[in-house]
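Which chain is which? They are A, B, C and D, in the order written, and residues in each are numbered from 1.
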Amino acid sequence: MVVRYTGRYGSPSRLAGAAGTDELTFIEPFIDDLVATGATFAFLALPHGVASEYAVDLLENGIRVIDLSADFRLRSAAVYEEFYEHPHPAPELLDRAVYGLPEFYSEEIVKADLVASPGCYPTSILTPLVPLLEQKLIDPDSIAVSSLSGVSGAGKKADTSLLFAEVNESLRAYGAPKHRHLSEIEQELSIASGKEVRISFVPHLMPVKAGIATTIFCHSAIDLVGLSAAVEKTLQDRYGDSPFVRIRGEGVFADSKHVVGTNFVDVGWVVDSRTGRLILSSAEDNLGKGAASQAVQSFNLMNALPESCGLLNF
Amino acid sequence: MVVRYTGRYGSPSRLAGAAGTDELTFIEPFIDDLVATGATFAFLALPHGVASEYAVDLLENGIRVIDLSADFRLRSAAVYEEFYEHPHPAPELLDRAVYGLPEFYSEEIVKADLVASPGCYPTSILTPLVPLLEQKLIDPDSIAVSSLSGVSGAGKKADTSLLFAEVNESLRAYGAPKHRHLSEIEQELSIASGKEVRISFVPHLMPVKAGIATTIFCHSAIDLVGLSAAVEKTLQDRYGDSPFVRIRGEGVFADSKHVVGTNFVDVGWVVDSRTGRLILSSAEDNLGKGAASQAVQSFNLMNALPESCGLLNF
Amino acid sequence: MVVRYTGRYGSPSRLAGAAGTDELTFIEPFIDDLVATGATFAFLALPHGVASEYAVDLLENGIRVIDLSADFRLRSAAVYEEFYEHPHPAPELLDRAVYGLPEFYSEEIVKADLVASPGCYPTSILTPLVPLLEQKLIDPDSIAVSSLSGVSGAGKKADTSLLFAEVNESLRAYGAPKHRHLSEIEQELSIASGKEVRISFVPHLMPVKAGIATTIFCHSAIDLVGLSAAVEKTLQDRYGDSPFVRIRGEGVFADSKHVVGTNFVDVGWVVDSRTGRLILSSAEDNLGKGAASQAVQSFNLMNALPESCGLLNF
Amino acid sequence: MVVRYTGRYGSPSRLAGAAGTDELTFIEPFIDDLVATGATFAFLALPHGVASEYAVDLLENGIRVIDLSADFRLRSAAVYEEFYEHPHPAPELLDRAVYGLPEFYSEEIVKADLVASPGCYPTSILTPLVPLLEQKLIDPDSIAVSSLSGVSGAGKKADTSLLFAEVNESLRAYGAPKHRHLSEIEQELSIASGKEVRISFVPHLMPVKAGIATTIFCHSAIDLVGLSAAVEKTLQDRYGDSPFVRIRGEGVFADSKHVVGTNFVDVGWVVDSRTGRLILSSAEDNLGKGAASQAVQSFNLMNALPESCGLLNF
């Protein structure tokens, strides 16, 4: 085929000739024009604060919204302001929004008209921990998390710290002790355990394009002898029917390359009997289950499609 | 889902839970058992020499074969012996085999029962050059090629030279002056130009997992003033209807990351008027168009499916 | 220069022509031949168990030894057997050996004839923690460590898991909960705190050639308000005169690329007041301060040379 | 040590504590202040055009200059203007400048007060070719070059094309057919062959931080039977006493990881008897022999120091 580049949106590069790209059209995002397209659904991938402006207008026009920003993930405008350092732009919508983790909120997502897709790190942390807290297998005051992420998590910014020459052959932590994602992580962990939970969370920037691998330290709340079997049963019961959570079992450490390009979250664990800790391991694609494909998973639920529609071919 | 590993074929890792993996079965490749499955088609991904053994048996049993080894790519058993350093194991099949480059041999592939899928580098070299030689735009005695490949081209071998610590932050040529792929490259270039063609070819091992980027130097055979337009017309005429060859145009250098994970070959060029050379640039996925997806493309033709069936979603 | 390769030890490759390489000679390591060279000093870079055999002979012949294996790091033959899964080959030497961390044992190293250089991860963990435990600033029962390492830590082994294609674009934990290095880490932390200490430790394999970055979670044992200043003072007092420990300060996360190729250990920290934890960050070159250059640092002390001789030019 | 960052020049990061860094002072580059320091020598690492301004002033004040920009590499102001697209800022200095390739111009460099250090790619191309052209072993009209470079060659620019996410797992050519370095490459090749030489040159951006690997295609001008021996003799005669050119021999392909961090250039070759070509392979560190360490090598000559002073320890 011949690839000719016209229009103002740059060269199609990788996607030129891919199925369906001919049918893509691009317009300026003026609300009247968006409504005039007849669209019934919108995905928002905009900066915090900006997303809210669009969400308000779209909802008023009867268009359902999945927002990938942080604007509607939190239930409390005060917590939003504490972590994002500006007042919440549309607090009246917070009660209407549903946190877009299908494994936990599928019923609500089905009926929602505003879904807030989680940040990249949270899914890898909540997926293993929530069921264990619900079943009171671990001490909610003992949680410390070390997460590793590829650079795409930082966005396509012309920033010297993200240059290849700065990132390759470099390992470094950042964003601690109070990363913004703590707000939604602690919100959900608190719901799961029925009390306020605070955790330590340290993200690290790694020389890969995509992928998150998370290691979670926590203390067992039950007898160590039965811990592993209880963890296995709890995770199997919770996720046995979930098409995207792969319970890898005891002794298995999740590897990000097995999930990048997919909507899967892999989970494994070991019991550290010498210290009484449970150590959980998880991995996801920060751009997949950590963003875009999780949003599509919610879209499927909201449109009465099979939950895994379009998400199992990779 | 819960991922349990039984059987002798290792953990499914990345593909666990992907569409269709439940239905995969594995058997020992004894010919009677293979025939008994009722299969009408076989893909062979075996070492040189070994592939022929299977091919002979499968064909005798009426099973059509796409072979990814080098065993049936060459028309001459003597050339095979020269480059592969052992006698051809089944020379009687050479006339029956079709070189599996759909853009050149689609009619023959449709009817073939034995298709020899090209080596990884050749597709990136033949795609730009064959039409230009057929139209006599370039001098067939002037061709020099520099190709860059990711390490997966070397296979999953426990070889210290392929260790991460040996490959990362390393750039190196290898395999010159007489790489095995020269045999099939020169075979096809000779057919295209109607005379014996010999080229220089230097592959290089690069610190990427997958991808091939090829740079081709050759002298123009026509007036430089009209060269670029003639190149563009020739490539457009040849590939305008080819779903997988993307003609990127003059001044564009193909980038392997735009094709890895796809069946596309990207082609661009510049005219070096100071020396009278044409410099062509191409890129493919060595595991995609350079191997597996090209084999699927041939499969589609052999089974009267749309040529791009299953190959445009990525 | 012309580089000719003779002899049986392979091509000098990178070091050909470097200062002093002409004077290197290689001999088979028979003890009589080693003694006959007149050497007064030996560095051992051998597998566990094998190192002991050589150490015994060399010491008997009056040659002082720095051993880079684990054979003499532990004070207890029983702990060695528990972690290395075979009886200690030369338990009689354990009392004579000095743990080769110059920042802690310089006086003993100066006089020692057998120095056991630490494993790669331990230096990055002990350097920040030991002074804080000695000063009782942190709770010794609260320590959890996440370490990231480049692949050279696994050695130059023809192992498919270490292939570039398996490591690039991959993030994965391994070796938990009972990594061998726990034995020496806990030994030294126990000495520092005056009681038995056990920690959780999870190493991770990262797609870099060299470098270790370590993140340590622990609970403060003192009022949080004064914690950071106390940490700073403790580390400055301890390491102010240490040429190789760089105290980077509060809010700084160590980056492995700043230490690779050097003998430095970088240390930083943050106080997580929301949870009462101190989070420490450190980085070293696993082949440098984590192995070879630390051994040279000990060598300098043992030979009455300036401690940083040959170790500050990089 | 404690690393405190004061002043306006950022954190010393990697070099903190390295030998001699305490003595570094930084001042604004006003010519009177520069002269007042009593400096007798200046290295310029400035953009093209800007370097000339400083060079003029420094030379007038009797300070000898090594310039790492392109401003004084060319002998012709007209060629400079053709390639750099602006008039030469100080053409009167061109006759005074010496091209900073010590292996070719050591006598001139010793006496020079203005040395123009070559661009990164040229050294890897000139080192193998110049002696072969002088000895008329190859056809000067047949040269085509493919060079691979790490990203540091592009500088520390906040440019999205240089982001890790854009560079990792990507292979791409660029800058052809008329890269700026052609001007100095062809200048020197023309001098070597005694006639005007033009070559084709295609650089490629590779996912490594540093290193250049170059592959050169050219036709033999002598009988192929004697070519390899003649190449070996010519290169040995020319470089036998050169401490930084390592002649690796026939059949050896230079690997950039063996030279990165050093001032070495490695050279190897193969004879492609099937086409009558000689294929040369070379490698250097683009920041080393391609820039800074080559400048130091010239500095040593200009100051009557041993040529390899400070350049053989790595």
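Some points to look at:
Rule of thumb we're sticking to: contacts are C-beta pairs under 8 Å (C-beta built on N, C-alpha and C of every residue); 3 or more make two chains touch, one makes a residue touch a chain.
Just so you know, these numbers come straight off a predicted model, no measurement behind them.
Counted by C-beta pairs in contact, the busier of B-D and A-D is B-D. At the far end from chain C, in terms of centres built from Cα atoms, lies B. Between the CA-based centres of chain C and chain D the separation comes to 38 Å, rounded to the whole angstrom. Taking the mean of the C-alpha atoms as each chain's centre, chain B and chain D sit 37 Å apart. Here the CA centre of chain A is 47 Å from the CA centre of chain D.
Among the residues of chain A, those touching two or more other chains are numbered 150, 166, 168-169, 207-209, 255, 257. Those residues of chain A lying in contact with chain B across their complex are 1-4, 13-14, 16-19, 168-169, 236, 239-249, 255, 257-259, 261-262, 264, 312-314.
Of all residues in chain C, those touching chain A in their complex are 144, 146, 148, 150, 166, 168-174, 176-178, 198-200, 202, 204, 206-213, 215, 217, 253-257, 260, 270-275, 277, 279, 281, 283. Within the complex formed with chain A, the residues of chain D that make contact are 150-152, 156-160, 162-169, 207-209.
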